[in-house]
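The two complexes that follow have chain A in common; it is paired with chain B in the first and with chain C in the second.
Right after this comes the complex of A and B.
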């Protein structure tokens, strides 16, 4: 098994240059999505099917009454217990040995359950048109550059970050770095914290946030939705069993009916003979 | 980098050899190497190791060669008979000669030695070079703090190996590294390591499609090239020797394009 890696994002070192967004588009060959001016420096409101990471710009009044201009590189968290993986009816979403969560487009049917259940709202559906002009949809999100990891390279966003706000490495080492960083910045940002929510089993993108998660529009304690757990761990297996039961019933009925109708035919033939 | 034109087996063998060399380095008495830093000679391009007085322990050298033989035989039992002959040929006198000739990379001598004694051509130089490197590496470690730059065209300032490998560090600092003695020194981003040309119009970069972290820097003036690897993108940093081996496809590409390991400016009248 490969080492489990974590992307450590220290938002307090980010200067909002958006090179991570460009590097992502470049490596993953994603088309540009021109946007109208949204009233701030932020380009897109959130991640989309063609924009896998978005730099958030947040104007925040801190506890001293001053203005903090906060930045956050937002992308898929790669949860250890990923809700998207739980709800996918086609097993199209899976974990890699690196700890990343990836979507298999061969299996994805575009149902959108993952989109509705992601606690961080990072997955989106993209519409494609096949050669017959028929439309179909597939889920898209950040892959943590799993294709680069397989080549022994770090994710594109991390390698391009010029302030060192992002680092990539061994899970325990990165979490330790995050905790040390929080201690360093406590006097400047009293609310600073490591964001590695345990409600989803921890994530493979770990943040040092300068403020509470809600300031960044993040859930304070994200959880895998109960419905998702019920769906994956109970309903789906039972559902598959039910399919089995009904299939058996149909097959059984078919066999019995055939035998019975044969008997009926036989009777008819008998009747015919009698008639003669 | 996982993709490499070098087979996994050969990579593993090289890893084992590097591990052996690391071990051997520990048994070298640091007092045995006394560097003499002659600034004038070094600025003229004389390798520092050539100026240092190195007191080679011949018994160690012979023991190391024996260890490589064992490793090679384990790896490929067919080599046993070929390597057995080396054991009978090597004595103290030959060992001293081997060290001298390996130091100056005298391929002609080794080819002659192999022919005289009916050995396969690669064997003598491979063994001598492998066993010599720990001494070069300890020498480089001792004087690394004095090595900041190299004289263009003179190769590695410690061991004289032709410059061919650079890695990028920090904000894009180009650090030349020697895969032979592991010394490193700084160089300008746009500068030919062979002729010192720093004209951006005649320094070009070749890149390989699908290889996001490597470049070949070529100089149109002297037709020399070096490999520039952005190891900042790597998940784990390989040793310069392994990096040099695993990027050998870049050497092939550069040489196929007509560039040379050591550039030379053609004299025209």
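Right after this comes the complex of A and C.
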């Protein structure tokens, strides 16, 4: 197994330049999505099928009553225990050796199960039109530039970040850096924390947040939905066993019926009025 | 073991509304199962090209989903009396219903058994009905948030996926037994033609649904069957409850 990598995002070093968004669009050939003015410097409400990372701009009143202008580079977290991978009915979503989570468009049928089960709501469906004019859908999200990782490069967003708010490297080293950074900034941001939620087994994008996750619209304790666990680990296998069991029962019934009818030399075998 | 002479007299068991409701329910259920099968198990992924790709399968699934909702309404609107009888029977449970199951297991596997007197629906059919009502509610109820996730809270959509799975998983297991008993099992085959034509042989109805049959005889709707040589009655098809 290749080394597990983590993208470490230190939001306190981000200056909101949005170069990561541009680099992402550029590398992944994603079209621009012009938006109406949303009331702040933020360009898009959240990630979409064509905008895999969005820079959040949050005006936050801190505990001292002052204004903090918080930025966060938001994209797929690449969970260790990914809900999208769990619920995908086509095995189209898989983990790579790098620890990233990727969607195989050859297998994706556009059902949207991943879209509705992602605890961070970062997956979206995109509608395409084939050469016959027929529409079809595929799920899209940040790939952590897995195609770049395979070539020994770092994700485009990380490479382009000019303030060093993003680093990419060995998982343990990155998490250690994050923890040290939190200690450094505790004076200025008493609520600062490492966001590497264990409810999804830890993530491969690890943040140093200046405030509580909810300030950034992030779940405090994200996890694979309980419904998804019951669905995929219990309901589906048990359902398959049940149809197997009833099928075996009727096949068994058919066989014993045939044997018993033969023993009776075929007399009275139709109609069912010969019992007793 | 004397073999009673079978008469060819038929009696009406099901109304047209029931026959239609049942057919729409059966066809749409099977179509829904097939159009979703490649999502349930990769073993059936070859169905995608057959169904016109994932998009074709999705469209067909939605068309049959609408059809799947209609049977109850067909029955209620066009044969409310029959529907009411069904509902009444489903909540009526007596000792004979429990006895039915011990005899049913023997019958299922072809051993000697005796008929336990049953009303219009036997205990097995009642269990089947109750499970199918329960699973239909699960399947249809969860289908809406799955189809229109934008109108429902995320948690409802997420639980919808689970309930849809539980619903059809349970339903198909029961359907396998239900279809086997009607189409293949020797003793209940007349039930299969019955659910298509609405009519079943009088002797068969008398044996399998003795209480119902005797009641209809009392009302003068069905011929008395004690004497197999005089089975015909002019108003045999006049009416029946469901």
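Definition applied: the second predicted complex is superposed on the first by the 235 of 276 C-alpha atoms of A that agree within 3 Å, B and C clash if a C-alpha of one lies under 4 Å from a C-alpha of the other, contacts with A are read in each partner's own complex, and residues count from 1 in each chain.
Operating definition for what follows: a contact is a pair of C-beta atoms (placed from the backbone, for glycine too) under 8 Å apart; a residue touches a chain by one contact, two chains touch by 3 or more.
Here the structure is a predicted model, which means the values were calculated and not measured.
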item	value
First, second, both or neither for A:163, with chain B first and chain C second	neither
Chain B versus chain C, judged by how many residues of chain A each one touches	C
Contacts of A:63 with chain B and chain C, given as first, second, both or neither	neither
Which superposed partner A:116 touches (first chain B, second chain C, both, neither)	second
Touched partner set for A:149, first chain B, second chain C, both or neither	first
Partner chain in contact with A:135 - chain B first, chain C second, else both or neither	second
Shared contact residues on chain A - chain B and chain C	none
Interface residues, chain A side, partner chain C - complex	87, 89-91, 109-113, 115-117, 121, 134-137, 225, 227-228, 230-231, 235-236, 238-240, 242-243, 245-247, 249-250, 252-254, 256-261, 268-276
Contacting residues of chain A [partner chain B, same complex]	5, 27, 148-154, 159, 162, 168-169
Residues of chain C defined as touching chain A within the complex	1, 3-4, 6, 39-42, 45, 48, 53-55, 58, 107-115, 149, 154-155, 157-159, 161-162, 165-166, 168-170, 172-174, 176-177, 180, 184-190, 203-204, 207
Residue ranges of chain B in contact with chain A within the complex	1-3, 171, 212-213, 230, 232-236
